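Working notes for the structure below.
All chains are identified by letter, namely A, B, C, D, E, F and G, in their written order; residue positions are counted from 1 within each chain.
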Amino acid sequence: MLKPLGDRVIIELVESEEKTASGIVLPDSAKEKPQEGKVVAVGTGRVLESGERVAPELTVEDRIIFSKYAGTEVKYQGTEYLILRESDILAVVSK
Amino acid sequence: MLKPLGDRVIIELVESEEKTASGIVLPDSAKEKPQEGKVVAVGTGRVLESGERVAPELTVEDRIIFSKYAGTEVKYQGTEYLILRESDILAVVSK
Amino acid sequence: MLKPLGDRVIIELVESEEKTASGIVLPDSAKEKPQEGKVVAVGTGRVLESGERVAPELTVEDRIIFSKYAGTEVKYQGTEYLILRESDILAVVSK
Amino acid sequence: MLKPLGDRVIIELVESEEKTASGIVLPDSAKEKPQEGKVVAVGTGRVLESGERVAPELTVEDRIIFSKYAGTEVKYQGTEYLILRESDILAVVSK
Amino acid sequence: MLKPLGDRVIIELVESEEKTASGIVLPDSAKEKPQEGKVVAVGTGRVLESGERVAPELTVEDRIIFSKYAGTEVKYQGTEYLILRESDILAVVSK
Amino acid sequence: MLKPLGDRVIIELVESEEKTASGIVLPDSAKEKPQEGKVVAVGTGRVLESGERVAPELTVEDRIIFSKYAGTEVKYQGTEYLILRESDILAVVSK
Amino acid sequence: MLKPLGDRVIIELVESEEKTASGIVLPDSAKEKPQEGKVVAVGTGRVLESGERVAPELTVEDRIIFSKYAGTEVKYQGTEYLILRESDILAVVSK
């Protein structure tokens, strides 16, 4: 398993079929385009200058929307993942 | 439903007809142009270096003016939204 | 009415006739040129990393000088306003 | 009268005749050139992230040397002033 | 032995054969590509503005994924190492 | 006399003859070149975000090495000075 | 003697012969190349925004690896030194 460091999270991209199911449709425009994913691992959180560690807002299995150009791709045991900072995640799709 | 993270808010664009009703007219000039919207969801707020979380100034249903080039567009269950940081919102149109 | 967020203020531009009355004349030089305005609304103030909110130095009706290229124009109920950060305001013209 | 905001100060340029009197001569070189001025108004001071306001080091009537390219020019009731941040002021000429 | 300073870590690159064994395959895309390594030495950690030192999340022998363009190469006693900041390390491959 | 503000110091350049005496020779290379000077005035020190003022490390008469391209030149009562920030000073030449 | 200010350290470059002895060989690649040196003087340390001074991690006589393009060269009493910030030093070569 991959365990992200600090304020990073690991997500799996959500395929187009699923995207329709959850109701997200990405508009075709000149603006920055978001993408949908599912959280598979969450880091320990960002450390503030005060020494406090901020508990991540996300939990595993959350459906999220993130900025398309954020993060680093990695393939692990046959599955493709994306490693992002929590601050690159825009919103959670609540059930 | 979409739930924004941190200091983000989700807004729905206000159409031109409504814009006339609320009294906002956007001038035609060389300066950065603002747009009007309605808040549909508010995040948990920004975390300061001291560890404190700043309560958002906005609440759902607020009519707001925001900078035109800010944010990320997303279409969810047939409606178009914009996900912004609270700091990209300039003013609230009070009733 | 428009209510600015955080450390923002809303001002109305002061016309040239009034400018003569208050004694401000803008010199013609290569430097950044300031402009005169009147404060019509003040935000709640900037939040510091310590969690404290800084009370704005300005109050409604203050005559102010601001940097010409700062802010966002907006027309509301027939009047043109400018939304600025308090830090873009250089000085108050005291009566 | 003009009252500067925050860590800003308002100065009047000191003419060349006076410059000779106080003993400052500006060398002709490729480096950034300073200029001499007299403080006419001082702001309330910079607010730190801790919430503390730093008392300005300058007082009205101080003769100062400042960086030539800093600040914003303004003419008020027939006199030309320059509005600067205290951090753009290099030194005080003590009597 | 090499002892890294502050929030730096020293890693040994993991060869392709081993990469297959641990299950990481690097996809061929336009995005930033990560690489796999093994931690051989860890610094004392980053010092916060509060004076606190953040204990590193990594320990010697951790298998990690890092951003390809990060760090400084060094060859020491015949082995090639890479010196990185902990923040350039994306995730730990847990056993 | 000139009194520097905040974390600034005023130095007098040390001439080449003296430079030989104190043992500093500036190498001819492509790297940033330092210069030698003598401290003639020290400011009150930098104010930290905590409100504390950092006592300057330098005192008047210290022989120092500074980065060649730092600071602002000023001629006062026939002598040329350089006004620098303490952080532009690299080292003290101890006697 | 030269005494560095704040978080600076003064190092003497280690010649190639010695480099072989300590086991460091610098690879020939497109990446940023480190160099080896010996610490000859250490400053008082960096002052944090909290007012605390961080004790330097290095001590005189430490063998270190630093980034090739960092620092300022100075020749003092016939020896060439390099003045660096502690943060430009990557690792200590322990005996």
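The rule is simple: contacts are C-beta pairs under 8 Å (C-beta built on N, C-alpha and C of every residue); 3 or more make two chains touch, one makes a residue touch a chain.
The chain list, named the UniProt way, goes like this: A, B, C, D, E, F, G = Co-chaperonin GroES.
As the structure is a computational prediction, the values presented were derived from the model and not from experiment.
**Student:** Hey, how far apart are subunit C and subunit F in touch steps, shortest way?
**Tutor:** Step count on the best path from subunit C to subunit F: 2.
**Student:** At what distance in angstrom does the C-alpha mean of subunit G lie from that of subunit B?
**Tutor:** So the centre of subunit B lies 50 Å away from the centre of subunit G.
**Student:** Counting in whole Å, what is the centre-to-centre distance of subunit A and subunit C, each centre being its mean C-alpha position?
**Tutor:** 40
**Student:** At which residue positions does subunit F touch at least two other chains?
**Tutor:** As it turns out, subunit F has residues touching two or more other chains at 48-50.
**Student:** By the touch definition, the chains form a closed loop. What is the full order round it when you set off from subunit F toward subunit G?
**Tutor:** F, G, E, A, B, C, D
**Student:** For a test of understanding, state which residues of subunit E touch subunit G in their complex under the given definition.
**Tutor:** Contact set of subunit E toward subunit G: 1-6, 8, 10, 41, 44, 47-51, 71-78, 80, 83.
**Student:** Which part of subunit G faces subunit E closely enough to touch in the complex?
**Tutor:** Those residues of subunit G that touch subunit E are 23-27, 29, 31-34, 48-50, 52, 54, 57-58, 65, 67, 86-87, 89-94.
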